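Each of the two complexes below includes subunit A, the first together with subunit B, the second together with subunit C.
And now, the complex of A and B:
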């Protein structure tokens, strides 16, 4: 890893929605590094045959350095990370985490912050809100969820936010008219989206249709690597050849062979792990490279992307 | 002057084209209308354009009300002297506009607003370097180092080491 990992202790685990568990971490020694609203950490889960490392947003108040809190939704089609967190991790266990990094900070000069959360996508906004209140920012939170699965933190949000909170429970047929919501915003509004890819795609599409400047639209999605077919990867500089298993990401395979690449998100967002491709076609699955860069087929984000065929040769 | 050419903060301007994303287009001119921007303006339907002619940003309340009135999906085109362009851009940003929406037409070269790094005075329409600071009377070398916040080039005292060493005036580009 390019960044140092350190140990924390699981101080509490709480079920905050039917499929979402909150984990509270406390330092094993010393204190926790401070963080800014929108930050995330990588959590390493000591699974076999290889550890999982997933990114989770910090949802605690950035001013509270005593604890870090994260929320983990059990993914039905998980490669194992969320299942490990839900089924294996107990109170009192030690886990290794990275220092916080931020790829989703609020744009402070905005006149208004329009937050749109889908399900467990509420988490980064929970670290925005205390700071918004302290800085007297103009904001609205629109929270879309299914109460039979998600919808955590509604009661505390209701108490803290009042009029600024808008809830839409699709289990009760409540829908958010995203087009109308975006269409009524005035200049200086920035929209932030966190949730499923379909929500992000819908809002970014509507914003484009409505003529919003791109730089007023911010989103974050951490999707852990999805499985694919096995392939082999040849490392041009070291001459090594590695096998990448269906359930394993290319980044994990490289790490397993002792090749450490810089990475912050492990979800195709931050761009740190970009690697030159010398041979083979890439199945791009990231949200970092532009369409033009993807079509050139000369680089890959190993955290999520894979080979289209059975072979890749990398400049490593 | 070859070292000066390397300074990255000096803005590079391109003739504005229609911002295809925008639904409303605001044109701000200093004094007379720039012919090339006027062509862009004329090509738009009346319902999707607005025009603001200002002698200077002293008339800022008119501009501010336009900037606040227009929808989020707007573009701003500005023509005039360089310092004026950046004053308008900074007013727009204060109203929540982002740089992506703001298009600055190439200004007339050869005159600059200068910011004195010693007494923080601003001087308008400076055509030669060195220039004597109107605030502190120091002779200032006018650099290509540009402050977007002030819309000004940085001026630093040129004869600190030897007060007798005062280079010839050179016209600014």
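And now, the complex of A and C:
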């Protein structure tokens, strides 16, 4: 399902941590759609030579859709999307965004919610928390950050959450004992992780070791596509051949040629854009396909994955 | 020219239900081809659709509104468990209230009015002579639990599907006119679980493809499909709970009474993302037409004959048509020049 994008105005920009800027969007006309905790939007950045479209979690209270707020961490090794947001976007600018979609909703029947955030991964939880408080849910938030770079929203979290908040500043050598944290949870607890891949990998590994059911472990990784080698892609049905530039994702190249694929996350998570591969080897970079599916080399997630060599032929 | 709600008719006992010529003209005939095949026949529910058609608005109100609300009341009196909502679905119920009320007040201003001042809402349903003031989101300010409150004012069955783990769960609904399925039985089940009894389609991967599509439906982009079966008499409530009251009817079809006894039952199913809860609203709007009304359209009569004649035996069995299917095919043959 391709997205219907609409315009919003940047109403405010605030530096909420040394490397993180918060952007507040207001509607240009009408009102913004309501959204649910854990929702994200796609933000289109009118960069040259081609626009970027990145997914960002909405971090405001879901019961208040007068504004949308997102937080963007400057990524040193990005293709330029976060840099564009930090350096080009000004208050009063108009940007195009998608309607909210949700791939990271709380599991409401859980007996307890254990939230583990790393750095800018705090953002989706900021939309969980007001709803947890209203619904009197049992929860704990464990927030791991480096205060020299990240660690946004600590003060307001302290005020709002009290005992439910646990802070770990690795710039001050504070560590979270994830094994002990998971080991002391009682059955019926659901754990949610948002942060760097290493944090997600560690928590999911520990949870598995400790015998947690997989259905009780939830995580979100929104990493925008990373650059790679240029390659060419042949579309079997239309006969077109496209060039994919090093800084461009395969999905963006297809969209640039007028081929719309369904997509929600543009980060290798949701599985919507999966496409059949007829020729060529794939460098899989997604978190959606299983190891077995990846080894078959017969499909690709064009939002993040690329050709291993110089050529791919797709069933499009 | 739109058709207006008419006086109450019955879907049981004396079966006074009838379709006006206008209702027949707008009946959603579901067969695009001579042979019925399974497909994921989902398309965007773009509104407004053609004026006067069942696709014009998000929710279709027709001449049977009062009759269906009266029938729903009878079913709920007999068995209150035909409406349920698990505690975590409260917000989803309020999403549905908003969607229905805003759509009704916009699309049918002659029948419904909604005034909103912040969370203070005033709702008027002129067809049911109802006026309520309540606080949006606060279920204690409604005269009934939110699902039952809104469900008693809108035609068709409703399920609210909670979305988690990339799957959908039947965690709330009001189902008083089902084609032989039970909300109480399916409650809490996942998408593939509640479709468990459907033959052939699992092997074809239909449900995997459909689920992937459904979980990605964004806010404000509803989709629809048609489903169908056959029902004996104009009975809305063909549920497992009431099976003793209607199961035997299937043995009552004779070559002489097919026209009045057998009804084509079409469901207009709409799936619509709820913004605050991320639930998926699944509405099932049921239309009934008797064979004698249906064959007033020669193209429909001919098409239905061919569809019935070529229907795979598994589907004849699954849809519960075995007892009267040969009689029906024979009766329909008279309308098909190829025979």
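The rule is short, and it goes like this: the second predicted complex is superposed on the first by the 315 of 316 C-alpha atoms of A that agree within 3 Å, B and C clash if a C-alpha of one lies under 4 Å from a C-alpha of the other, contacts with A are read in each partner's own complex, and residues count from 1 in each chain.
One rule holds for everything that comes next: a residue touches a chain if its C-beta (ideal position, glycine included) is under 8 Å from a C-beta of that chain, and two chains touch if they have at least 3 such contacts.
Small disclaimer: the values here were computed from a predicted structure and weren't measured.
In the superposed model built on subunit A, check whether subunit B and subunit C fit or clash.
Aligned on subunit A, subunit B and subunit C clash with each other.
So, A:208: does it touch subunit B (first), subunit C (second), both, or neither?
first
Just checking: does A:216 make contact with subunit B only, subunit C only, both, or neither of them? Give me first, second, both or neither.
Only subunit B is touched by A:216; subunit C is not.
If we overlay the two complexes on their shared chain A, which of subunit B and subunit C does A:249 touch? Say first, second, both or neither.
A:249 sits against neither subunit B nor subunit C.
Is the number of subunit A residues in contact higher for subunit B or for subunit C?
Of subunit B and subunit C, C contacts more residues of subunit A.
According to the stated criteria, A:272 is in contact with first (subunit B), second (subunit C), both, or neither; which is it?
It touches subunit C, and subunit B stays clear.
So, does A:189 touch the first partner subunit B, the second partner subunit C, both, or neither?
The answer is first: A:189 touches subunit B but not subunit C.
Using the superposition on chain A described above, determine whether A:109 touches subunit B (first), subunit C (second), both, or neither.
Both partners.
By the touch definition above, which subunit A residues appear in both interfaces, subunit B in one complex and subunit C in the other?
109, 215
With touch defined as at the start, can you tell me which subunit A residues reach subunit B in the complex?
109-112, 185-189, 208, 210-216
What does subunit C use to touch subunit A in their complex?
Listed in rising order, the residues of subunit C that touch subunit A are 86, 88, 95, 137, 162-166, 212-213, 216-221, 274-278.
For the complex, which residues does subunit B have touching subunit A?
21-23, 67-68, 70-74, 93, 95-101
Given the complex with subunit C, which residues does subunit A contribute to the contact?
1, 3-4, 33-36, 38-39, 62-63, 98-102, 105, 107-109, 215, 262, 264, 270-272
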